[in-house]
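The chains carry the letters A, B, C and D, assigned in the order they are written, with residues numbered from 1 in each.
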Amino acid sequence: MARIGRTAWVIADGWIPPGSTGDDPSLISHEAACMLNANEVPATVNFSVFFSDRDPIGPIELTIPARRILHQNLETLPGAPISRGTDYCVLIESDEPIVVQHTRLDSRQAANALMTTIAFPCD
Amino acid sequence: MARIGRTAWVIADGWIPPGSTGDDPSLISHEAACMLNANEVPATVNFSVFFSDRDPIGPIELTIPARRILHQNLETLPGAPISRGTDYCVLIESDEPIVVQHTRLDSRQAANALMTTIAFPCD
Amino acid sequence: MARIGRTAWVIADGWIPPGSTGDDPSLISHEAACMLNANEVPATVNFSVFFSDRDPIGPIELTIPARRILHQNLETLPGAPISRGTDYCVLIESDEPIVVQHTRLDSRQAANALMTTIAFPCD
Amino acid sequence: MARIGRTAWVIADGWIPPGSTGDDPSLISHEAACMLNANEVPATVNFSVFFSDRDPIGPIELTIPARRILHQNLETLPGAPISRGTDYCVLIESDEPIVVQHTRLDSRQAANALMTTIAFPCD
């Protein structure tokens, strides 16, 4: 199989909406980094989170098993408290090629809004 | 004509919303892989679907006729039951260059939400 | 100035919503190909529209003046009747480099939905 | 660290919605260019704004400090009055590599709509 993906990705518009509408847990406002590891080996993935007014935090290490996906909620990165309503960017570096897509669900008003983009591949 | 497209594409944020609002069939929540085959010959396209907790399924083969498009609903890939409300990723491989765009319509709440991105070209 | 853009672009998820909500003309459901010509000379741009069940139509020629933009409503391409509620793809070829972004506004339900993506550059 | 980003980017669908719903300042309709400067040095960033019917304006210079982000509201670029409800495109040139993501929030109707895309890298 051809190499599926890249090893460095950026999400530039990080902002977790500070409120939500409705009781359904899947309708809580959130942002996710959705990742595919199509390789036959696990991928070790490191997140660095950048801000407008302070030094970046990280790297925060996650593992995606071989031939598995991980849709990572960006509010719950281990050890990296990203406050809601804060501008941030994320650099995602992996030892194996992966693909990253960024999605936000915003349910602050009475109907949810969605946005998505393939993240930017840096290598 | 120049080569229009690529032969391997990834959609990383697959998730079919589990509910819908309204009676219009076109407003049922869904995800689609929208594909263009601008070539003078048919394209044989293979879908592999990856999950967080089990082995990938596929390949699932579809054909796009010469100089035609296919907007494929991802819930109705032949032989590949993707449950609603399940995280997944899709790898799309074609023997001829194609272009792939990923779109989700989410009508769980009382007004629909949309998101789209050109998929990630891997070759 | 460096070369700004490319000469062949694809929009793969074309679909103009068949209805709209509200009286504001800017809230009528529509799709647009938003284009920048940053060059010192006009760009001659040709649109070809592909369908699932019939031969493509076009090329439809437009001109973008030097150092100007054109946000082209895809329903009103001259001589190319794209029906609402029809799946289509668009190939945009230009004699000068341009940049193309695809956007849909869907106001069928009581609040509008938006989606956008940079189109796919083929050259 | 590898080079993170590029030095010329285009946003092709610029349009700031002319109205908003609700009292929350973060729900005012707006467009943003969300940028990451992952470098160890500041990035000097120049915005040029293109229109359909007049000459471009700019460059408008901003600085992003080293290892910082800037989510720039496009309505408040210094010295560049972009009217709401006007079609425009933006060329962003930087002396250091950056990553740019374009986002619009449209709250004209009773629930907000969102759209985003990684901008187009020109170099």
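Observations on the structure shown:
Throughout what follows, contacts are C-beta pairs under 8 Å (C-beta built on N, C-alpha and C of every residue); 3 or more make two chains touch, one makes a residue touch a chain.
Only a predicted model underlies this, so the values are computations on that prediction, with no experimental measurement involved.
Seen from the C-alpha centroid of subunit D, the farthest chain centroid is that of B.
Subunit C and subunit D touch with mostly distinct residues; of the residue numbers seen at this interface, under half occur in both copies. It takes 90 degrees of rotation, in steps of 5, to superpose the Cα atoms of subunit B onto those of subunit C. One inter-chain figure worth recording: subunit C and subunit D are separated by 21 Å, centre to centre, where each centre is the mean of the chain's CA atoms. Centroid to centroid, with C-alpha atoms defining each point, subunit B and subunit D lie 30 Å apart. Chain contacts: subunit B has residues 109-118 touching two or more partner chains. Taken in their complex, subunit A has these residues touching subunit B: 2-5, 21-22, 24, 26-27, 32, 34-36, 38, 67-71, 99-101, 103, 105, 107, 110-118, 121. For subunit A in complex with subunit D, the touching residues are 8, 10-15, 18, 50-53, 55-56, 85, 87-89, 91, 102, 104, 106, 108-120, 122-123.
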